[in-house]
Amino acid sequence: MRGLVVGRFQPYHSGHHQAIKNILGEVDELVIVIGSTQKSYERENPFTAGERIEMISEALKKDKLFGACFLVPIADVGENAVWTKKVRSHCPRFDVVYSNNPLVKQLFEGEGIQSKPMVSKLKDIDSTQVRKLMLSNGEWRKLLPKPVVDYLSSIKAVERMKAIAKNEEKF
Amino acid sequence: MRGLVVGRFQPYHSGHHQAIKNILGEVDELVIVIGSTQKSYERENPFTAGERIEMISEALKKDKLFGACFLVPIADVGENAVWTKKVRSHCPRFDVVYSNNPLVKQLFEGEGIQSKPMVSKLKDIDSTQVRKLMLSNGEWRKLLPKPVVDYLSSIKAVERMKAIAKNEEKF
Amino acid sequence: MRGLVVGRFQPYHSGHHQAIKNILGEVDELVIVIGSTQKSYERENPFTAGERIEMISEALKKDKLFGACFLVPIADVGENAVWTKKVRSHCPRFDVVYSNNPLVKQLFEGEGIQSKPMVSKLKDIDSTQVRKLMLSNGEWRKLLPKPVVDYLSSIKAVERMKAIAKNEEKF
Amino acid sequence: MRGLVVGRFQPYHSGHHQAIKNILGEVDELVIVIGSTQKSYERENPFTAGERIEMISEALKKDKLFGACFLVPIADVGENAVWTKKVRSHCPRFDVVYSNNPLVKQLFEGEGIQSKPMVSKLKDIDSTQVRKLMLSNGEWRKLLPKPVVDYLSSIKAVERMKAIAKNEEKF
Amino acid sequence: MRGLVVGRFQPYHSGHHQAIKNILGEVDELVIVIGSTQKSYERENPFTAGERIEMISEALKKDKLFGACFLVPIADVGENAVWTKKVRSHCPRFDVVYSNNPLVKQLFEGEGIQSKPMVSKLKDIDSTQVRKLMLSNGEWRKLLPKPVVDYLSSIKAVERMKAIAKNEEKF
Amino acid sequence: MRGLVVGRFQPYHSGHHQAIKNILGEVDELVIVIGSTQKSYERENPFTAGERIEMISEALKKDKLFGACFLVPIADVGENAVWTKKVRSHCPRFDVVYSNNPLVKQLFEGEGIQSKPMVSKLKDIDSTQVRKLMLSNGEWRKLLPKPVVDYLSSIKAVERMKAIAKNEEKF
């Protein structure tokens, strides 16, 4: 049995990681769709698709879960009604979608694909909060898997985010 | 003589319908451009182009006006200066644009196309207000032509809009 | 019951028209998808979406069939696997696809939509042949419904096609 | 030595012009990238790429600087990480980027291109402020080079901006 | 050390697989870019991105190589000069590109990335030849890793390719 | 009076240059549209927009014509009927189009813009021929303005074109 989860992972945090570990207790393999890959170096989307692949894979490898996962970056299409079809066309086939988002559930159920809730003990972490803490020199490191913290340090993530925050507009 | 009106029709309400009936008293045929077709399943744009075609055509059929209309869905182009040209290229030729929007008037007049105001006795209805009432279980049904109300019920529109509202972000 | 046909209609000829009349003997309403709307003023695609709407509607009106049809222009998406979904999202719902194209049949059947063959007594007409005859001053007028011939004359179609043929490249 | 500056120039004001004159004291030639060319007739982006070329070139010609500049309009790409590459591919080669924007600096330095700050005595002018004054019949004319003021009058810029402001949404 | 290879993999054959096994003798990890993901159900591009991910991963898993690879689907950008930047932005960082294509080598070397030739004992296999054999009921099964043959059978690949071949044009 | 010419300039040759010099005898200023800027590193489109700007400007500077010209790179839009509008929106206003292409003439005349033939004593040079000679080590240098030859040497144009020719497909 193969599951699918969708996220932007800006950045990948311990809430994501815990939920994915839980799902991997239920399914044999998991497709992790990394969404909005056409966005990067923006306030809400600081990291490139490649960097997000790297964050997630480092965390998965540490827990020996990388070999059970497919990491699939997918750019947005304008139209949500068409987006589920693009996901299906770009991913290996899957049996069930894990999501707490009622829209995602509706869209996939409209395609005849079953959905289940995502459960994480750490569900009160969200990426917006993590990005805020990173900008304010807060305690963000506690909220991310250790390999992600190390990776973000190696690419000077905080410095980049502050540069973006100072001037969102390119010009 | 052929007229043209432009709308997003999210959803098509009685203000739209009254204005279109008025215009059809002045012109033989009417091109109804359904704009922003690349958007759907979003808070401001809950319905697909196909669903909007269906709403409008049900209302027009009831009043025996469908055979005098062309329903033309058109996706946005980024650049407004180019958009009028796209409209002209995707629609059967037309003689006059009906609009109360000063920008639409300017853009078409810059192309040498005459514009006239849209008049509706029900002009205090707008789609934003309708969507709000739908989300809050308000009295939205009074503001829409009966066939549109029936159609929206058949596709469980309110349920969809609430799912979208709960979580705009896909992920 | 509502059917759907897909064509580029460059131009709309009597083979198309005969097939559509046949289908309208079987279904109540017909969605006519005008494909590749993003192409015009090219050798294989000389006419705009608006011009194609006009051709088809003139022919349908003459036979009092316009009020039973939805003419829906749809731009190509790169990916064929996603295209059927876009068609479904941009058209009013339909019950059956009429097509002789094995790929179209497969794609829609993959979405759970039934398909039937298109039958036309005039099936040996095709648009490529019509365009060739137009360029060579051949007997193209016999192959098109009379209202389409009149419309093409009114927009000086042959003159345009010769200009395009002389120099496909814009520069 | 050739420099590069990036701006949206909505509109081109005396702060831009002063900074460009300063840079032209340091470099032989200057590439002026006009960004977001896919936007026009919007509240934040009222002018087309062509109009912006015209404004800037009128101001440069008056000061006999036009022959030392390349005006290169470039549409946005979704992804900022890819945008610098597009700039490099669409512009004549350049040696140094002038920018006060930390993100632009980081992106170009990541490509191995040196950056310097832009200095203008008039740096407290910004385009947002100019647009506001234009809408409120304020003293905007003092903030723009004389040839730009004349050009904006000739295209009835204020009238257009008021039409846009009245109704941002097209429909 | 991490390498990168690029292919369309329509389909993934034993020449690809042998070359990838050879590279994995030289590097610790390999990024496999699956290109032209926006194409599917076309004569030259019969398989979706998801199907290609599945083919490749099945073959890699059989040889216990899946855990050392990143499979990254990337859509074409129009402009080749910008494409290398997109590859870098969508992939985890890599140290060396393996390619026999002089253009790919030039493009990456222009970005300061080293390239090495791809070596395969089976280098006389190419995807065009495989597709031809599939259409003509030839001996294609010998040219593909066993898990790919099984997968292609499970999705009725030959039947699909014949449907596409019969009528490339959608309409 | 301001004229406009359109070309892909792959590469800019003496036929182009002679024609432009002739036009500059008739008009005060000339807009030179560099088309298909989204293409580069392809067999038919080996050079980036930036490189083409550089070729043309070097040739114009040598003849002291650069200050009378606007070089405007414009990406293709799919639809030719919309393309003229995009040209008008991206260029400073112009009074007359110089072109020998009947389609370009028709499209601009449909917009109410006058066109004139381009005349060059060297009109038997075309870019396709130049590219062939470059690939075959023929006498291409005679067909290009001296500064363009020098520029092409400086970027190792022949070497690049041979790399592209060897393998058009990226993979």
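Letters are used for the chains, namely A, B, C, D, E and F, taken in the order the chains are written, and counting of residues starts over at 1 for each.
Quick note on the criterion: a residue touches a chain if its C-beta (ideal position, glycine included) is under 8 Å from a C-beta of that chain, and two chains touch if they have at least 3 such contacts.
Given the structure is predicted, the values throughout are model-derived calculations rather than measurements.
Note on chain placement: the centre of chain B and the centre of chain E lie 45 Å apart, centres being C-alpha means.
Centroids built from CA atoms put chain C at 25 Å from chain B.
With centres defined as mean CA coordinates, chain F is found 36 Å away from chain E. Each of the following residues of chain F touches two or more other chains: 40, 48, 75, 79, 81, 89. The touch graph of the protein chains shown belongs to none of the named shapes. Contacting chain pairs (ordered by label): A-B, A-C, A-D, A-E, B-C, B-D, B-F, C-E, C-F, D-E, D-F, E-F.
Chain B makes touch with chain F in their complex at residues 77, 79, 81-82, 84-86, 89, 112. Contact residues on chain D toward chain A in their complex (touch as defined above): 6-8, 35-36, 78-81, 83, 101-107. On chain B, the positions that touch chain A within their shared complex are 38-42, 48, 75, 160, 162-164, 166-167, 169-171.
Across the complex, chain D is touched by residues 37, 40, 48-51, 53-54, 57, 66-67, 70-73, 75, 88-93 of chain F.
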